[in-house]
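Just below is one structure, and these are the notes that go with it.
We call the chains A, B, C, D and E, going by the order they appear; numbering starts again at 1 in every chain.
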Amino acid sequence: MERIEHFEYFIGPQHPGVTGNMSYHLWARGDEIVKIVSSVGYLHRGFEKLMEYRFWIQNVPMVPRICVPEPDVNEILYAMGVERLAGLEVPERAQYIRVLVLELARLSAYLFYFAGVAGALGLYTIPQWAIGDRDYILDLFEELTGGRVYHIFITPGGVRRDLPPGFKEKVRKVLKHLKDRLSDYDRLYFDNALFIKRTKGVAVMTKEYALEMGVTGPNLRATGFRYDVRRGDPYLVYPKLEFDIPVTGGGDNYSRVMQRRLEFEESIRIIEQVLDMMPEGPVITKLPNPFRWKIEKNDVYVRVESSKGEFGYYVVSDGSEKPRRIHVRGPSYTHGIQVAQEMAVGLRIADVPVFLFSMDVCPPDIER
Amino acid sequence: MVILEFFLVLIGITALGLLYGGIARKWSARIQRRYGPPFYQNFLDVFKLLGKKNTKSHGVMFALGPVIAFTGIILSLFFLPLGNSRPLLSFEGDIFVLFYLLVIAPLGMALGAGEAANPNATIGIARGLTLMLGYELIFFLSAIAVMVKFNTASLWKIVEIQGTFPKWNLFPFFLSAFAGLIALQGMMGEKPFDLIVAPHEIASGPMVEYNGKYLGLLQLYHAIAIVVETGLFVNVFLGGGSILTFILKTFFVFMLAVTIDNIMPRFRIGQAVKFYWKYPLIISLLGILVVFIWR
Amino acid sequence: MNGEMEILEKVKKAFGEKAETAPKWERQSEIKVPLELLHPLLGYLRAQGFGHLAMISCVDWIEEGEFELVYHLWSYEKRLHLLVKTRIDRENPTVETIIPIFRIAETYERELHEMFGIDFPGNPNLTPLFLEDWDGSPPMRRDFDTRKYVEEKYGMIDLTKELWKREEPVLEGENGED
Amino acid sequence: MGLFRWSQSRSLWMMHFCTGCGAVEMPPTMTSRYDMERFGIIPMATPRQADILLITGYLTVKTLKRVVRSYEQMADPKYVIGFGSCTINGGMYWDSYNTVKQLDLYIPVDLYIAGCMPRPDSIIDAFVKLREMIAKGEANGWKRYRENLEWYRTNQAKVFNVEKWSAIEP
Amino acid sequence: MTFWVIASYFLGGIVAYVLARPSRKIGAFVALLFSIYPLYALIPALDGGFYLRFTVIPYYLHLSFRLTLLGWFFALIAATLYSLSLFSAYSEKRDSFFLLSSMFSAGGLMGVFLAADYLTLFIFFEIMAFFSAFTFIREHRRSALKYIIYSLVGSYAFLAALLVINRSTGSLEITPLSGFGGSVPAVMSLFILAFWVKSAVMPFHPWAPSAYADSPHSYTPFFSGALSKSGVYGLVLAFFYIFAGFFKSHHAFGYIFAWIGALTALFAGIYALLQDDAKKLLAYSSISQLGYVAFGLGLGTSLSITGSLFVALGHAVFESLLFFVIAAVYIRTGTTMLTEMGGLIKKMPISFIALLFGIIAAAGIPPTVGFPGKWMLYEAVLEKGYPLLAGAIFAASITAFLYCYRLIYSIFLGPLKKEFRDVREAPFPALVPLLLLLIPLLFFGLFPGYVVDVTDSILREFGYLGVPHTPAKLLSGLGTFNGLAVGITMGAAFVIAFLVHAVFSRSRKVSELNNYTAGEVAEGVSMHYVADFYKFIERELHGFLKLRVEALFNWIAEGIGGLGEVLRRVYAGDIQAYLVYLILFLGFLFTLYRGVLRW
C-alpha cells in the first residue's frame, strides 16, 4: 500500500502568486515545501531570431518589448551596443536625458515591486497607492516620449527628441510628491510590525551563495555585497553624479524590500542632480541611411544596472546591415530558475509567493 | 405567522449582509484612494452567479457543501435576538447552542471543498479549522465572563439585562469586549486573519473549485455570516435598543473590522494561532479575573 | 588599463601561444582559446577572481561551419570583463559541461542545448527550457528559417480570405462604429 | 431572464492570467487611477469564478495550451477580449516561430482592443463596450465555441503537433 | 434467568470455539446467537430486579449478583455493542481463539456490571481484563502486555482496598461506607485507581492508544465503547455510593478530578490531531470523550452527573460507530493509515454517510446524541461558576472539529487513489452495525428526555434529585434545551437551502482531472493533502508536546527492569547461595520478632 508522502500543487501561469507568466511545480508536505521545479517559456517569442532578420534600426522598436516593467533598460543597452560597434558619438545632453529616463524607469519599476510584494502579503492598500503613484511617472513618460510603457525614445546615436518646455518643473513636482508619499509608505508598509514579522528571517541568502549563483543587483546588495554596475562598470554620465550604494545585508525577504526602499531615495537624488547639471546642445547625431548602414565585424558585451539586476547584451555584427547575433542576459535568468529552485525548498507555502515577489523575478527577461 | 416572520427576517438579514459588503467595498476603495463599485454591487454579483449555466460539480458532497453551509447560518438566525425583538427560538443555554451552530457552516463548506480534491482547498480548510482553535476559544472565554457574572447562558436574557446605552456590557467588561473584538476579526476572516481565502498563496482556498450557483450560495452564506457574527458580539457586549440601533451597531463593528482589514497584511497560520494564544488569551483571562474580583 | 594588461600577461605565460589575448574595449578584453584548453583556462580564471559568469553565448558562423562559444566572465575586484571564446564544429557540437567550475552554467547550457543543439555531456538537466513539444530543428541556428516554419505551421494570415462563415459580422458593420 | 443578463453585464469577474506583455497595463486599470472596480470588474484567482478571459497581447504555443485549459474550466457565459494586433494577425511577432498568429482559430474572441499594449482608458472603453454587447445578448463567443468545438479542437491539435487533443480529459 | 445473562457468554464462547474450528463463519454465527440472548433477557429485567447468591467452592467462594439500575444501564450498552461487534467480526472471518476470548471478555464485563459484592466484582474484572488482552496478544504482544501490566497495577490496588474495607466492615457486600476509619482518602484512591486506569483518564492512559489501535478492528468498538464504561461504572460507584459521604464533604477532591477530566479532554484532543493512524486518532478521541465523563463526575452536581452519563452513552454510540466504519474500510482497503487512503466516497457511500453522522456527533453538533450531554456539562459548570473549566472543555470540543475533519477528509474525500479503483462497498454484515447505530445517534439527540428518565432513577438511588425534563426538553437549573425544536428547525433550514439550490440550473458532474491546477495538467499529480495535516499546530506546540506522561512510565519501567537485573544476579542458581540467603532471612525475621514486640 503506497503511502502518500507529499502532495503537489502549482503556482502556475494562471495564478496571482507568480510575478508574471511563469509556473512553479511544488511538492509539499504539510505546509513545508519539499521540492520545487520552475518551468519557463510561456513568453518566449524568439527575439534574438527575429532581430537577426531585421536591419539595425528596425530593432529599435522591437527591443523594449523584451522586459515589460522596465523597457528603457533594453533600449539603452541596444543603443550603447550599436554605438560602440559603429563608433557613434553621443552628445552630452542626450546622455543626461538618457540617465533621467533610466532613473525614472527604475522608480516606476520599484513602485511596481512594492505593489507586488505587498499584494503577495495581503496588504491590498499598498498596491493601490504604489501603482497610483507610478502613474504619475508614466504621465511624465507619455509627455516626453509619447508612450506610457514602451517609449522607443533612446535610439542609437542619442535620444529621439529634446525635453518639452516646462518638463523639468513637472519632474521636480512629481519627485517632491513621491518623497512626501514615502513617509506614508513607511508608516503603513515598511514599519508595519506584521510586515516585519512575516518577512524577517525568511528565505535567507548568504553573500557567498549569491555570488556563486550569479545573483546581481538589489538582491545581491541585500546580502551585504556592495557592488553596483553604475559604479563598477560605469556607463553614460554616472561617474559625474555623486550617489552612494546602500546595502542592507540581511539577505532575507525583509532586507530585499528595504534595499529597494533605500535605492528609491538614491534614484530621486540622481534625477535631481541630472536636472540641475543638464547642459544645452544637440540630442542626436545623424544616422546613415538605414538600408545601407553596414557595421564591420566586431562584438561587444554591454551591461546596465536595471531595477532587477545586471541586464546585459552581447551584440555581434558581421559587416552586414543586419546584426549577426544579439544575446540578451536578463537578471531574472538566474533568480527565477536555479536560485528559486534551491532557495524555496524548506519555505512555508505562504512564503513562496512572497519570496518570488521579493526576488522580483520578471519572466519575459528569462526567456526573451 | 412565525414562518412568515422568519422569512422576513431571513430576506432582511441577507439584504443587510449584502449591503454591508457593498458599503465595505466602497469604504476600502476610499481608503485606497479610488471610487469603488456601486453599493449594490454584491447584489449584482449574487444574481450573476446564480444565473450561471452548466456549473461543474465534483459529486454529491461537493453540491451539498454550500447547502449545509447555508443551512447552518440560517439555523443560527433562529437564535439571534435582533435588537430588542425576542428571537424565534430562545431558551436557556442557547449561547452554547449558537456556538456549535456557528460551526456547522464552515464544516459544511469544508466537506464540500474536500470533495473537490484540490490541495489548495484542503490547505485553506486546515488553516480555517486551526484558526478556529484560536478565535473560538477567545470568544468563548470573553462571553463566559458575562455569562458567569449574570449567571445566565441565554443570549436573550443578557440583552435584556443590559438595557439602553449607559448600561452596555462594554464598559464593565471592557477587557473581555476587547478580546472578543480581536476574536471577531478572525471569525469573519478579515485580515490579518484572512488565511482561509488567501488568493496569492492558495488561489482563493476552499472556493477554488466552486463556480456558478454554488458560489452564489456561499456569497449568501458569507453575507448572513457577517450579520450573525457581528450581531452575536453586539448582543453580548453592546445589547439593547431597537432594531435600528442593532443595525447601526453591527454596521459600526463591521466597518471597524473592515478598516483594520485594509491596513494589515496576512499572518502565517502558525503566527496567527500563536498570536491568539498569547495576547488575546491573557486579556480574556484578565477579563474573567475582573469578574471574580468584582463579584 | 594596467590591471587588464597584467592579467593578459599572466594568461599568456600560463597557457602559452595557443591563447591569443587582446584588450577590446574599456574594462573588457578577449581571449581566444582552442576547445581543449577551455576548462583549464576557466578554472584558472575562476581562481584569479573572475567569479561571476554573466552568461554563455553562442554565435553561429555558418559560412565557416563553426559555432563560436563565448564565456562572459566578470571580476568584481579587478572590474574587468573577459570574453573567453572558443570555436566548435557545427555538425555535432559537443562541449564538456562546466558545472564543476560554475554551478550556474546548468541553465545557460540548457538553453544552448535547446536553441543550438549543442550537447553538454555531464549536465544532469538538459530538458527543454523554453519550447514545449518542439518538432523543428533547434530554432536559433542560422539554417532554420523561421518565416518558412511560420508559413507552414500557422499559415501566413491573409485577412482578405474569409476563414469560416460567421453568423454575425465581426469588426465592421453596425456595432463596430466608434 | 432580463435581470440575470443585466446583472451579468454589470458584474464581470476577470481571470487573473497575464498571458502577454499587455498585462503590465492591467494593474493601473485595477488600481486607484483608472479603477475598473467601478464597473464591477475584479480580478479572480481561478477560472471557475471568472467570466472574462483577457488575452493581453501575443500568445505563445505553451501559454495557448494553458489558456485553452483555463477557458474550458470557466463556467458559461464567458467572454474573451483580445489585446492589441498580436491576437489578430501576430502583430510585431508575425514571423516568430513560437507565437500564435490568429487567436480566433483557437478560442472564440468577443472583442479586440487596438494598441500595441492598449492604454488603461482604452481597456475600460472595451469593458463598457462588452457591457453593451452582453446587455444586447451579442457576446456569445462561448456559444460559438460549444457549437463548433470540433473545428477549434482540430486547429488546436495542429498547433500542438498532436493528432488529437482534448483540454482536460486526456 | 439472570444467571444465564452471564453464563450464556461463557457457554457461547466455548461452543463457538468448538464450532469455529471447522468453519469460522458458523462459529461467528453461533457466537452472535449466544450474544443476542442476554440482550433479550436484560431489557425486561428492569422491574423484576434479582438477587442471586451462587457458590462456586463451598465455604470459601460465593459469587453474588444483583441488578442495580446503574449496572443495568451500562450492561445494556455493553450487550448491544458486543452483538454489533460480532456482526462485524462475522464479515472479518475471525478465528476461533478470538471468538472465545472476546465472548469471555464480554461475559466478564457483564459480571462486573451485575456484581453484588467486591469479590465477584474483582474476579470478573480480572476475567474481563485478561481475555480482552488475549484477543490481540498473538498479533501485537507488546501493546497487549502493556495493557495487561497497566490493568494489573490497577487491580492489585483494588485488591488492597478490598482487603482493607473487608477488614474494617467484615463483609464483602458493596454498601456505602459511613463513618469509616481515618484513612478514607487512601482507601478511596486505591479503589479508584483500578477504574481510573480502565477508563483511560489522563495520567494512566498510555496503554489505550496502542491497545485500541492494535486490537482487532471488529473488536475495538466494543473495547473502547463498552470496556472503558466499566471504569466509569466503578468511578460512579466509588464517588456516589461507596464513599459518598467523603466525596460530598470534600469538594476539593471533586474539583481536582474535574480539572483532570477537562485537561484529559483537551490534551487527548490535541494528540488526536497529530496521529497518522485512524485507529490511534479515534483512540485519543475516545480518551478525550472519557475526559468529559470524568469532568462531569468531578463536578458532582446532579446536572453534571446526568451530563457525564449522557456523554458516556453518546461516546458508546458514536465512538463505536466511527470504529465500525474504520473496520468496514479496513475490510475493503486493508489499511487504517490515513496517509494511505483517499477518495473512498465514490466507492463506499454508505460508510461515508455513517462516518459523516459519526463525526457530527463526535463534534457535538446539536441534533445528534453528542450535544445534550455537553450542554448539560456546560450548564453545570456555569451553575458552579468555574469559567476556566468551561474554557478548557470548550477548547477540547474545538479540537474535536479538527480531528473529525481530518479523519473524514483523509479517508473519504480528496482524489481517489489508484489502488482503490475497483473497491466495492463494505459487505452487508459489516454495514449492519453502522446502520443500527445511526438510530440511537439521532433519536437520543432529538429526544434526550428518555435517557434522562433512566439516569434520574439512578441518581435518586444515590440520593441526588434528578434533572427535571420532558421527553424532548431538558430543563437545567438555568433553562431548557429543546432537542426536538433544534432538530425541526435544522430540517426546515435544510429544506430552504435545498430549495434555493434546486431552483437554479442543473450542475454537471466533472471528472477528477477537471481541476484547478493553474493551467497545468492534473494527470498523474498526487493532489491528496494528507501527510502532516496539521503540521503548523505541531510546530507551534512542539515544546509542549515533548513532555509526555509516557516518558514517566517508561522511566519507571526501566527502574523496575534494573531492579529485576539485580535480582537475577542474586538468584544465580547455585544451592549454597540460597542457603546463605535463607539463613540471613531467618536471622532478620528473628531480630524483627524480638525487637518489634518489645516496643
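Here is the rule we go by: a residue touches a chain if its C-beta (ideal position, glycine included) is under 8 Å from a C-beta of that chain, and two chains touch if they have at least 3 such contacts.
Only a predicted model underlies this, so the values are computations on that prediction, with no experimental measurement involved.
Engineer: Using the touch definition from the top, how many steps at minimum link chain A to chain D?
Structural biologist: 1
Engineer: Looking at C-alpha means, what's the farthest chain from chain A?
Structural biologist: Farthest chain from chain A, going by C-alpha centroids: E.
Engineer: If I average the C-alpha coordinates per chain and also across every protein chain shown, which chain's average lies closest to the global one?
Structural biologist: Given all protein C-alpha atoms shown, the central chain works out to be B.
Engineer: Could you put a whole-Å number on the gap between the CA centroids of chain B and chain C?
Structural biologist: 58
Engineer: For chain A and chain E, what's the span in angstrom between their mean Cα positions?
Structural biologist: Chain A and chain E have C-alpha centres separated by 65 Å.
Engineer: Just the number, please: Cα centre separation of chain A and chain B in whole Å.
Structural biologist: Here chain A and chain B have centroids separated by 43 Å.
Engineer: Could you give the separation in Å between the centres of chain D and chain E, each centre being the mean of its C-alpha atoms?
Structural biologist: 60
Engineer: What are the residue numbers in chain B that touch two or more other chains?
Structural biologist: 32-34, 50-56, 119-120, 123, 199, 203, 208-209, 212, 268-270
Engineer: In chain C, which residues are in touch with two or more of the other chains?
Structural biologist: 130-132, 139, 144, 146-147
Engineer: Two or more other chains touching the same residue: where does that happen in chain A?
Structural biologist: 7-9, 12-16, 23, 31, 41, 44, 46, 49-50, 53, 128-129, 132
Engineer: Among all the chains shown, which pairs meet the touch rule set out at the top?
Structural biologist: Every pair of chains meeting the touch criterion: A-B, A-C, A-D, A-E, B-D, B-E, C-D, D-E.
Engineer: Which chain D residues qualify as touching chain E in the complex?
Structural biologist: 17, 46-48, 65-67, 69-70, 73, 168-170
Engineer: Show which residues of chain A lie in contact with chain B when the two form their complex.
Structural biologist: These residues of chain A touch chain B: 7-9, 15-17, 28, 31, 118-125, 128-129, 132, 188, 192, 194-195, 197-198, 348-353.
Engineer: Under the definition above, what is the set of chain B residues touching chain D in their complex?
Structural biologist: 25, 29, 32-38, 41, 43-45, 47-48, 50-56, 199, 203-204, 207-212, 215
Engineer: Write out the stretch or stretches of chain D touching chain C in their complex.
Structural biologist: It is residues 61-62, 65, 89-90, 94-98, 100-102, 104-105, 112, 133, 138, 144, 151, 158-162 of chain D that touch chain C.
Engineer: Can you tell me which positions in chain C touch chain D when the two form their complex?
Structural biologist: Residue positions touching the partner: 130-133, 135-136, 139, 144, 146-147, 149-150, 153-155, 157, 159, 163-164, 166-168, 171, 175.
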